[in-house]
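The next part holds the structures, each set out as structure tokens.
Presented sequentially are two complexes of chain A, the first with chain B as partner and the second with chain C.
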Partner chain A sequence: MAKTEAPKPILGTSPLRKEGVAKVLGATRYIDDIALDGMLFGATVRASIARGRILDIQFEQKDDLGNPIDWSKFTIVTANDIPGENTIVHLTKDHPCLAAEFINHPEEPILLLAHREKAMLPAAVAAVKITYEEWPGVFTIEDSEAGIERAKAGDETGVIWRGHGHGGGNNTFKTYCMLKDQTEIPESVWAEAAYIVEGEYRTGAQEQLYIENNGVIAECVVADEAVQEVTVQGSMQCPFYLVHALELVFNLPADRCRVIQVETGGAFGGKEDFPSVIGSHAALLAMKSGRPVKMTYDRAEDMVATTKRHPSRTRHRTAVAKDGRLLAGEIEFVIDGGAYATLSPVVLSRGVIHSPGPYDWPYLRVDGRAVATNVAPHGAFRGFGAPQSIFAVERHMDKIAGVVGITPEEMRRRNFLKSGEKTATGQHLSDPVDLQGLLTRALREADYHRKREEFARTNVGAVVKRGIGFASFFHGSGFTGSGERRLNSLVEIELNAEGMPNILVSSTEFGQGTNTILCQVAAQTLKIPYDDVLIAQPDTYRVPNSGPTVASRTAMIVGKLVERAAEQLCVTLVGSGFLAEGYTGEEFKDGAKRYLAANGALKASVRYQAPADIFWDDEQYRGDAYPAYAWAVYVAEVAVDTRTYQATVTDFHALQEVGKVLHPKLAAGQIEGGVAQGIGYALYEKCVWQNGRMANNQMTNYIMPTSADLPPIHAHFEEVPSIHGPGGAKGIGELPMDGPAPAILNAIEQATGIAFGEIPLLPEDIFARMTGTDGAEKLNPDVMEPAIAAAVGEVGD
Partner chain B sequence: MAGLAAVRFRVNGVERTVEAPPVKRLLDVLREDLQLTGTKEGCGEGECGSCAVLMNGELVNSCLVPVLQAEGAVVCTIEGVSVDGRLAPVQQCFLEEGGAQCGICTPGMILATHHLLEKYPQPTLLQIQEGLAGNLCRCTGYMRIFEAVRQASERGRD
Partner chain C sequence: MRSNPAHYEMVAPATLDDVLALLAHAPGVHTPMAGGTELMVALGAGRLATRRLVSINHLRELRFISTDDGLVTIGSGTTFSDVRRSAVIAAEFGLLAEAASWTGSVANQNRGTLGGNIVNASPAADSPPALLAYDAEVRLVSVRGMRTLPYREFHLGYKKTALEPDELVHSIVLPRVYAGWVGYIRKVGTRNAQAISKVALAGLARMEGGRVRDVRIAAASLREIPVRCLATEAAVIGREITAETIQAARVAMMREARPIDDIRSSAKYRAAVAGNLVEEFLRRLL
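Right, the complex of A and B next:
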């Protein structure tokens, strides 16, 4: 047989997305496109107060329009129906599946209803009248802290969460102290510093706003008055998280809880922890009704009741030498976790570890705290704590530069971490790190120096002020600390009857490209065409637990396991003599089929092995926080219109070193999409809170960027292969969420001369500061840049 | 049941008659009565464009159209864009350029692109940005979508 050339490397090229044809045809079946025979529809009856106790529940006989309600046609589930534990488990069991007595946030689920006709549900939900004993709510970080303080004096009325049994304290889900080299900052450092620079920075909640709302369909097998098996299919990131939740709610072993991910219309972290809630609810209704039950939220319910990015407050106190070198830093990082712990401890951990930025701090102490409030629990959202603390440190770096009298660029250059140095957790940076080079290239790509000089000149007297700013940052790939060891992920590749490898992982596709890159990795390792590699639908009865699809871990961690499994498959086929070295794609299939004929089946199976030189000490909170880091410098250019007070991003350059780029088009798509979300985070997306409830839970008044709002987003890559990922890849998914907000506010500072420290920054916020109507001292035109004085003068008259 | 109306209209080249409450949303009629589930609901209030279809050549959000309004209309959904399961050039360009990530906004986005290219066969970037501004995408940041539209426009010219 004539040998053909081995396939060209597929990693680093951009083959078509595996499930792409169905998506552009509109043929993809998302959960709301699926209907099962006899299926009912489910709905949730939620609290109407933020905090208190349920006194009474009444089912009105007529709806609000006076039409009778036939309650016998509804399935009704209460906390008493739960066969197992009344909890949605993540890290602790503090979070009830359904409120039995106490209410801790305004969207707390209390009852579940199901009916054959979806249209019958809203009126029925409204006809459940619940009376409460209402208690004063705790709605902000400051409220929560005040509750802790009052409790010290014996008044516990402000304590809404007690740490007992959950590893926390009053109103405190978790605290961390990251102390560099386990050494406190000597007093002499503060005394001898040329400057001590303090700053406070705040970030708001952010809605993931995937375009497909949360939704599931549940089925339940009941025999002998006991639940035998539960199946939930739906839109989600982490099928095994839901298995774990169902095990407890139904008191079933894991092998009786089947979870299937169907095509998912966006997630961004918003379908990491929440499917455990809606999945458990639908399954309870299926149990009680004996029918399949679909639960899909509409947009208003999804926005008001599901998780959002944690609001944060960061305080920096920094000792700086005369030349701008950092001498010591104290950072206090606080996030608002909402009513229950959910994932807040791990969000906090990532936020704490990223809070120092990519700088060398001789002394550093970071105190992190996740506090409780009476709002729906905050959860995972792309970046997972890092965008919050990176916003603070990158604004603070510009502030220090101003105090010292050096440029923001020089400030970074004098303090960047380098290869061979240690991070704040004591991690030795053995891989090449070239932040100086990244900064140089990013500023060149953005034409930063020329523009900065030009804007300083042209802003004088201009109605539209321009600015350019940047942020430099890193993002750790994979689970934090010992997380990957605990996950202990398993990946399998089997051969199907046609001799084609089929990848079996619980890693899910929700737009980011999981299917495509994992198939690329297997194809390249097996030296067969990309089209010959398949990937199975994540079904927990069929695929092993390769961990959740989160934390920028899929390409690097799961991808590496796929690479190893493919190597193992190849070794088996070649070693058994069914395949000769130098095989073609067709020969691979032939050899595979002959192997199957002789042996029945072949499945390669590999488990995560922590690199021998990676150590993490949970007790001391030190060591190798992540196997690898992506490094980046993002440059934003803005225009601020002094008539409308609207700040607009006019150009954006995103340069990153993410190891080897596996698929250039997908990678650029990840960066561009993340930057767009980051621009929304900085300038558009504001959650308006009223007594703990999101008041603007509509796309009409929660504004995300449209195609007309965004600047050109230029994604640039430096490729430095890493040993930790397949073909040299590192993580990429979350990184682009980290840099935009501080880069934009740094640029706005050049444009306006105002050092804003809080996002989202809306026109009304800019208006308030520029006109002094925020209660702050009005800007004094005598000490302002002339440009700003002109702007203020214009509105003041 | 009282209050049903018989509504006749042409969907993807086929005459259809449905019996539905006159104010039932065109979106629900397409998805539930005609099993055309390629049209998606994102927000239910005309903000996101996931439910966009072409009605008499105009791009409309089908969540805002009572079905009675579609009486006698010519409607095109995503299922009507491809020919015998073969991708139309716009679909091919979205596929090749990475214009579809999670795919949920894609049907509406492709119909909006179709509409845009009818109006402006060689659109400027500004025309693309404004033409697609009623279709929200949370995944892509729109850059790959703009490129897909440009490519489709190029192919249309050939």
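Right, the complex of A and C next:
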């Protein structure tokens, strides 16, 4: 038989998304498109205070309009109905599934209701009247710290979280100390430094705003008055997280808790930890009613009650040499975790490890702390702590440059990490790292030098002031520290009856391209057409646990496992003689079918093997924090209109080195979407908090940028293959969230001459600084005369 | 959806006369609904207090743009999309065409009506500053007949209008007298599309011999109703556009603006930006 040419490489090309056609045709069925026979609809009765104790619960016999409510037609679940433990387990068990007595945030779930008619639920929820003993709330990082301080003097009224036997301490979920080389900063370094530069930087909460709200359908098998099995299908990232939550709530073994991911309309981390809450709730209603129960949140409930990005405060104190070289740094990084620990310890860890930026620090100490407040728990969101600490360090680098009197570019060039050097955790950078080259190319792509010079000239007297700025940064791929070893992920590929390989993973598709890239990896490894590779719907009864779909780990870690499983499959088929070397796609199918006829089934199964040279020491908090890093330089151009004080991003260049790009279109899409989300984070998206509750939980008031607010976004790639990922790929998903905010504020500093240290930066904030908050000084002479500013001061008095 | 649709009732009489008869029969019982772009949001959020609705969305009698030598008359059921597509409005009432393009999304513009926009009476509504600048009149209709009043007298207080319970807005009338006037309009919203105004300003002026012969300035989101800024107008009328005139106009604007702090912005910001927009308008007259 004549040898045919090997198929062209599929990695590095952009085939159609596996689920793309169904989405485009509107044939995709999301959770709210699915109805089961006899299904009820569920709703949540939530607290109306931020902190206190439940005294009494009454069910009013009439709704607000005077219509009678027939409570016998409702299924009602309270904490007393929970057959197992009253907890939503993540890293700890402090987070109750339903509040039994104590309230720790204003959206705390207390009761669950279900009814045949969805329209009956809102009035019934409103007719549950709960009375409380209300206690003063703790709403900010500063409130929480004050509570800790007062407790030291014996006043515990400001302590809302006590460790709960899960580590941590008063109002403190977790602390980390990252000490480079385990060496404290010598006093002499501070004494001899040419400059000591201090700065404080803050970031706000951010809502994920996936298009599809959280939603699930639960079913429960009850026999002999005991729950035998629970099934939850829904919109989610991490099916096995929900299995774990259900095991505890229902006191069932894992193999009696089935979780199925249905097509998911966006997630961004917002469906990492939260589906454990809504999934457990729906399952409890299914248990109590004996019917399938659907729970879907509307936008207002999803925004007010589910997780958001952790607000943060970072303080830098830096010793700098005369020429701008970093000598030593102290970084204090604090995040607001909300009412319960949830994922805050790991968010904190990623934030701490990314806080030094891609720089060589001779001495460095980073103290990280996640604190408790009486707001709904903050959770996973693309970037996972890194956007917060990177914002701080990249603003601080520009500040230091200003103090030293060198350009922001020169400041970075004198301090960049290089191949062969060690990171702050002591990780030896053995892979090629070329930040100098990345910076050079990014600034060239953005025409940075010419524009910076031009704007400096044209801004004098201009009504619209322009600026250009950049940020350089890295993002670690995969779970932090020893996380991947603990996950111990498993991936399988089986052959279906037609002889087509079917990938079995719990890694989920939610718009980012999991299905497509994993099939590309298998197709390339098996040397068969992309269309001949299938991927199974994530159903925990069918697929192995390949870990959660988070942390920029799917392409690199899971992709590598798919590559190895495909190799194993190929070796088996060829080794057993059913397939000859140099086979075509058709020959593969024929050989596979013959193998199945002879042997019944074939399933390749591979488990994560930590690279021998990757090691992390949890005790010392040092070692190889991530198997690989993506490196990037982002350049933002802005215009600040001094009549409206609105900063607009007018152009954006994003250059990254992410190893091999598996699918250029999806990769560029990830960058463009992430930059858009980063622009929202920097300039638009502000959670307005009132007594711990998000007050602007509507898309009209929580301002996400539209296409009319966004600039052209140019995604550029450098490809330096990594041994850790399939075909050389590294992680990409979170990276684009890290760079936009500091690059934009650095650009705004050129435009306005004002060093802003806090995001979101809204026109009202720019106005306050340009005119002076008292309205009487620091006027921008191009815009306002003193008499006007005085008049401003009078308005609203 | 936080409302139970079973708690609501909607009727849709076939003609304008039938609707007016219904309103006359039981004044104040039914809330008229045209495009529904405001009421349906309230329904979804579970805060639509009125339970009985009468649809006027289908009334062809209210959806027209007619012109004669002196006037352009816009039926109250004319949608923002209709306004944007009208050649005569684009040519002679550019500020209104521009304002219509601000509202919501294209889908909102396809349903939302000019009449609904002014009857809903939000101080932040998009069309009122332009209508005030053009010194529009409104025609109100009921079984009792038609009456006309200047649009600047239509808004009485926060969400309160001169409309009687048995009346509908029939049409908005614009005088075709603005050839040679210089127009200015700018919305400062929370973002560039799908936004509610933090401040919006419309300006219209006629210069003669280097001086301001005639001027109209109107604003949204600066008071509890959309307003003509009469003190600011007074500060510039009859004057040359000099630094002193601009300064006087800005001070007048600061004094007559009474904005509030709310979830979208602050009073100080709104007042300051209003001053800046006045300056931008006046500089355009140079």
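The rule is short, and it goes like this: the second predicted complex is superposed on the first by the 768 of 797 C-alpha atoms of A that agree within 3 Å, B and C clash if a C-alpha of one lies under 4 Å from a C-alpha of the other, contacts with A are read in each partner's own complex, and residues count from 1 in each chain.
Here is the rule we use: a residue touches a chain if its C-beta (ideal position, glycine included) is under 8 Å from a C-beta of that chain, and two chains touch if they have at least 3 such contacts.
Just so you know, these numbers come straight off a predicted model, no measurement behind them.
**Student:** Applying the touch criterion given at the start, work out whether A:Glu567 contacts chain B, chain C, both or neither, answering first, second, both or neither.
**Tutor:** The answer is neither, since A:Glu567 touches no partner chain.
**Student:** Could you look at A:Glu718 and tell me whether it touches chain B, chain C, both or neither (first, second, both, neither)?
**Tutor:** neither
**Student:** Which of the two partners, first being chain B and second being chain C, lies in contact with A:Gly673: first, second, both, or neither?
**Tutor:** Touch status of A:Gly673: first partner only.
**Student:** Classify the contacts of A:Asn67 with the two partner chains as first (chain B alone), second (chain C alone), both, or neither.
**Tutor:** A:Asn67 sits against chain C, while chain B stays out of touch.
**Student:** Should A:Glu200 be classified as contacting the first partner (chain B), the second (chain C), both, or neither?
**Tutor:** neither
**Student:** One more residue to check, A:Asp298. First (chain B), second (chain C), both or neither?
**Tutor:** A:Asp298 sits against chain B and chain C alike.
**Student:** Of the partners chain B and chain C, which touch A:Thr700 in the superposed model: first, second, both, neither?
**Tutor:** both
**Student:** Contact-wise, after the overlay, does A:Pro122 reach chain B, chain C, both or neither (first, second, both, neither)?
**Tutor:** Touch status of A:Pro122: second partner only.
**Student:** Considering only touches as defined above, state whether A:Tyr684 meets chain B (first), chain C (second), both or neither.
**Tutor:** second
**Student:** More residues of chain A are touched by which partner: chain B or chain C?
**Tutor:** Touching more residues of chain A than the other partner does is B.
**Student:** Can you list the residues of chain A that meet both chain B and chain C?
**Tutor:** 298, 698, 700, 704, 706-708
**Student:** Which positions of chain A touch chain B when the two form their complex?
**Tutor:** 14, 16-17, 19-30, 32-33, 208-213, 263-268, 298-299, 510-513, 665-666, 668-669, 672-677, 698-700, 704, 706-708, 710, 712-713
**Student:** For the complex, which residues does chain C have touching chain A?
**Tutor:** 1-7, 44-46, 188, 190-196, 198, 247, 250-251, 254-255, 257-261, 263-269, 271-273, 275-277, 279-280
**Student:** Which positions of chain A touch chain C when the two form their complex?
**Tutor:** Contact set of chain A toward chain C: 65, 67, 118-120, 122-123, 298, 300, 642-646, 684, 688, 695-696, 698, 700-701, 703-709, 763-764, 767, 771, 775, 783-785, 787-788, 791-796.
**Student:** Give the list of chain B residues in touch with chain A in this complex.
**Tutor:** Result: residues 31, 37-45, 47-48, 50, 77-79, 81-82, 85, 87, 91-92, 94-107, 110, 128-130, 132-146 of chain B touch chain A.
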